[in-house]
Amino acid sequence: MQTAARWTLLAIFLAMLGASAIAPWPYDRQFREETAAAPSARHPLGTDALGRDRLSRLLYGGRISILLAPAAALVSVSIAILMACGAALLGGWWERVASALIDLFLSLPWLFLLLAVRGLLPLNTSPGVSLGVTFALLGLLGWAGPARVMMAAAKRQLESDYILMARASGCGTWRLAAAHLAPNLAPVTLAQFWTTAPAFLLSEANLALLGLGIAEPLPSWGSLLRELSNVTLVPQQPWLAAPLVLLVITLGCCQLARAADEYSL
Amino acid sequence: MTLLSVRISVDYPGKRDAVDQVAFDIGEGEVFGLAGDSGSGKSTIALAILRLIEMRGGRVRGEIRFRGRDLSHCRERELRQVRGSEMSLVMQSPASALNPALRLETQFREAWSNHAKAPWREARPGVVALLRQMGLPCDDEFLKRYPSQVSVGQAQRVVIAMAMVHGPKLIIADEPTSALDPGSRGEILALLRKLNLERGTAILYISHDLPSMQELCHRIGVLRDGKLLSCQQVTRETTSLVSVV
Amino acid sequence: MTEIPARGAAGGSQPVRSNTRSGKLAAAAARRLSALLLTVVASVVLGAALVRLAPGFGMDERQMDLRLNEESLAAMRAQGQSTGILTACRDYLSGLARGDWGVSVALGRPVRELMADRAGLTVRNLAGGLVLAWALSLAVGFALAVARRRAWDTSVTLLTGGLLCIPTGIVALVFLYFAAPSAWALAAVLFPRIFRYVRNILQDSARRPHVLAARARGCGRLALVWRHVSVPSLPELFALVGVSLSMAVGAIIPVEALCDSPGVGQLVWQSAMGRDLPVLMHATVLVAVVTCAANLFSDTARALVTREV
């Protein structure tokens, strides 16, 4: 089950990466004569209200979502590991400050802040900027959860005997961190990455469903989901749900790809 | 008269024969010791006899005859009738054997009502007398305490008292003194000996501490890597018997 | 045969600790209160900073109007940029203290009024959603712990896993389609998350040694799960209440927005779309306060219930 999930994820990832090769049309090309068309050989998933090919937008959108969510997760987890290691190693006052900072960030209503900033971007923002801002914000605001877990893990590691031995043989703090602590924190870091990346994917989807996602004409899975807000249409046009299905499969595989006994949030 | 006759092997997922064809008998009123290092399978045997090893993921193969009944093929309902009333368990750490969120009286009450229909107020005096025999304070104040409010030695006596509430024929004591300080250790050993002599309760005494076992047990079996190596009678001077008591 | 002397009276700690215990509780409450104030200030500062630094700050739709000439645009831009971060913060904080929450740019009404109008509905939505989600989580968690059947466990895990993959907005849209109340949509969003936590807590509790000991005493299944698994988990469950409130507050925005429920969540969404800074700032502060208060409550409740001294 786990291997199947991992292979599926890899397949999706590669398919999205190769979007420019696979997609039949550019994502912003409008077929004015074929707006809101049903699926056909030319447009396997039909076209949207502006006549753009859905399959191409799905592929290009997937590329954006699948590359940027992990990138933001990487930012978050990197900040988290630096905070965790730094606080645990320096100890004492620094650790208390770090703990307090983490608690603060965790209780901040980051969704509101995200909405506020994203909403306050001017209407003529370039799509690239909105893209960068959205995912940068996710990365910068989402480090607190992983940091808390990793700080607990770092403290536990520092209490073990091999650290004591390293210090006893004169190992300096930085070297201790890099050579001894970091490798042992790798499993926790990986687990946090695998939790955070899907969470960011979901966050972007939620933001986009609210109309505050990436600016047009850049597609992302979230903004494609926006077409589903016209709920009554969906039963008649089930192909509209394609991005949802793909998103659910991807997220499901992320859950299954983790260790079998880790079905936790 | 054989009280318990065990012939079992236990498998864990990923480890077959964690206990490999261990066979021994315990007679009525006998104290049988099982000695071995950590990892030799002692606790596994203790839990397997009570068919609780399934809770830890293990599987029992073989035969467990207790008072003529084969426990290895009994259903959960029948097993529950045996546990606590005919056969009791005393674990290593008294603090973790008691529910930290409930008062001692509540836990005694539950131990009582598991197997008896009579209301608690009828049984309470008997239990209080039991506490006195265990060397515990038997006032109301003590019963209203939480497990965290009594000392470790007292807690272990409470656990033994709870095990004795229904007068079981056999107590399985899994390293009952390992978590105690030396003073309490001697007292618990003396208590177990007293139960054996006064009430005829058989004891399966599991430990890695041979000297204490030689004081308490009639026979000792040695366990290593899941196999029972030997079973020996323990010879004692009568004088040392009196001095312990 | 001599009696074994009672070691009892001297040993064991005496229950004369009510003073220090309530003292500890008071100290913890004070710590949490100061954390609350700090969070309010921090969220205002952080929010104002982010907003001030955002590329769109100081601009509004009027600048998009092609009819305005270059000078007017420049003047407007200068006016917008003149407010520094600290000044903005100071203004908001003093306004907050005074009770003047500013006026909504988009709707033209005092923010306080807007919030008050919509607060009732949001509170009802939140309460309904949380109560439903918790009731379901506890019921299913308890049932799974009693039944002890692997097949049931796996199927519920897969189901909740699947629900976790669906964006909140989509869940809201599904409930909208069936014309169901938005509280139910919120419950559907919260249930898989709360249930997973509850299940983990109960499973950890079931692995503790006293549960094995109780079972060895012949304890029945129902009593086992209630008295020995659930009751000792109460502290952690109380802690989860605070977390679940934070989750609910986060989820209420998409739910109210997409289910067309005119509460505070919808207001915030509309303000974000309409780029209405005063409303957004005050909503942020309000949410921060509510979250901290919830954490304070659940921490205190947990301390009161915990028997670990």
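Each chain gets a letter, A, B and C, in the order it is written, and its residues are counted from 1.
Rule of thumb we're sticking to: a contact is a pair of C-beta atoms (placed from the backbone, for glycine too) under 8 Å apart; a residue touches a chain by one contact, two chains touch by 3 or more.
As the structure is a computational prediction, the values presented were derived from the model and not from experiment.
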| item | value |
| --- | --- |
| Farthest chain relative to chain C (centres taken as mean CA coordinates) | B |
| Which of A-C and B-C has more C-beta contact pairs | A-C |
| Interchain centroid distance [CA atoms averaged], chain A/chain B, Å | 54 |
| Interchain centroid distance [CA atoms averaged], chain B/chain C, Å | 47 |
| Distance from the mean Cα position of chain C to that of chain A, given in whole angstrom | 22 |
| Contact footprint of chain B on chain C as seen in their complex | 1-9, 11-13, 15, 208-210, 212-220, 223, 227-228, 231-232, 234, 307-309 |
| Touching residues (chain side chain A, partner chain C) in the complex | 100, 103-104, 107-109, 111-113, 115-125, 129, 133, 137, 202, 205-206, 209-212, 222, 225, 228-229, 231-232, 234, 244, 247-248, 251-252, 255, 263-265 |
| Chain C - residues contacting chain A, complex | 35, 38-39, 42-43, 46-47, 50-51, 54-57, 59, 61, 64, 157, 161-162, 164-170, 173-174, 176-177, 193, 196-197, 200, 246, 249-250, 253-254, 257-258, 268-269, 271-275, 277, 280-281, 283-284, 287-288, 291-292, 295 |
| In the complex, chain B residues that touch chain C | 47, 50, 52, 55, 80-85, 88-89, 91, 93, 96-102, 110-111, 114-115, 134-137, 142, 145-146, 148-151, 153-154, 159, 162-163, 184, 187, 190-191, 194, 198, 245 |
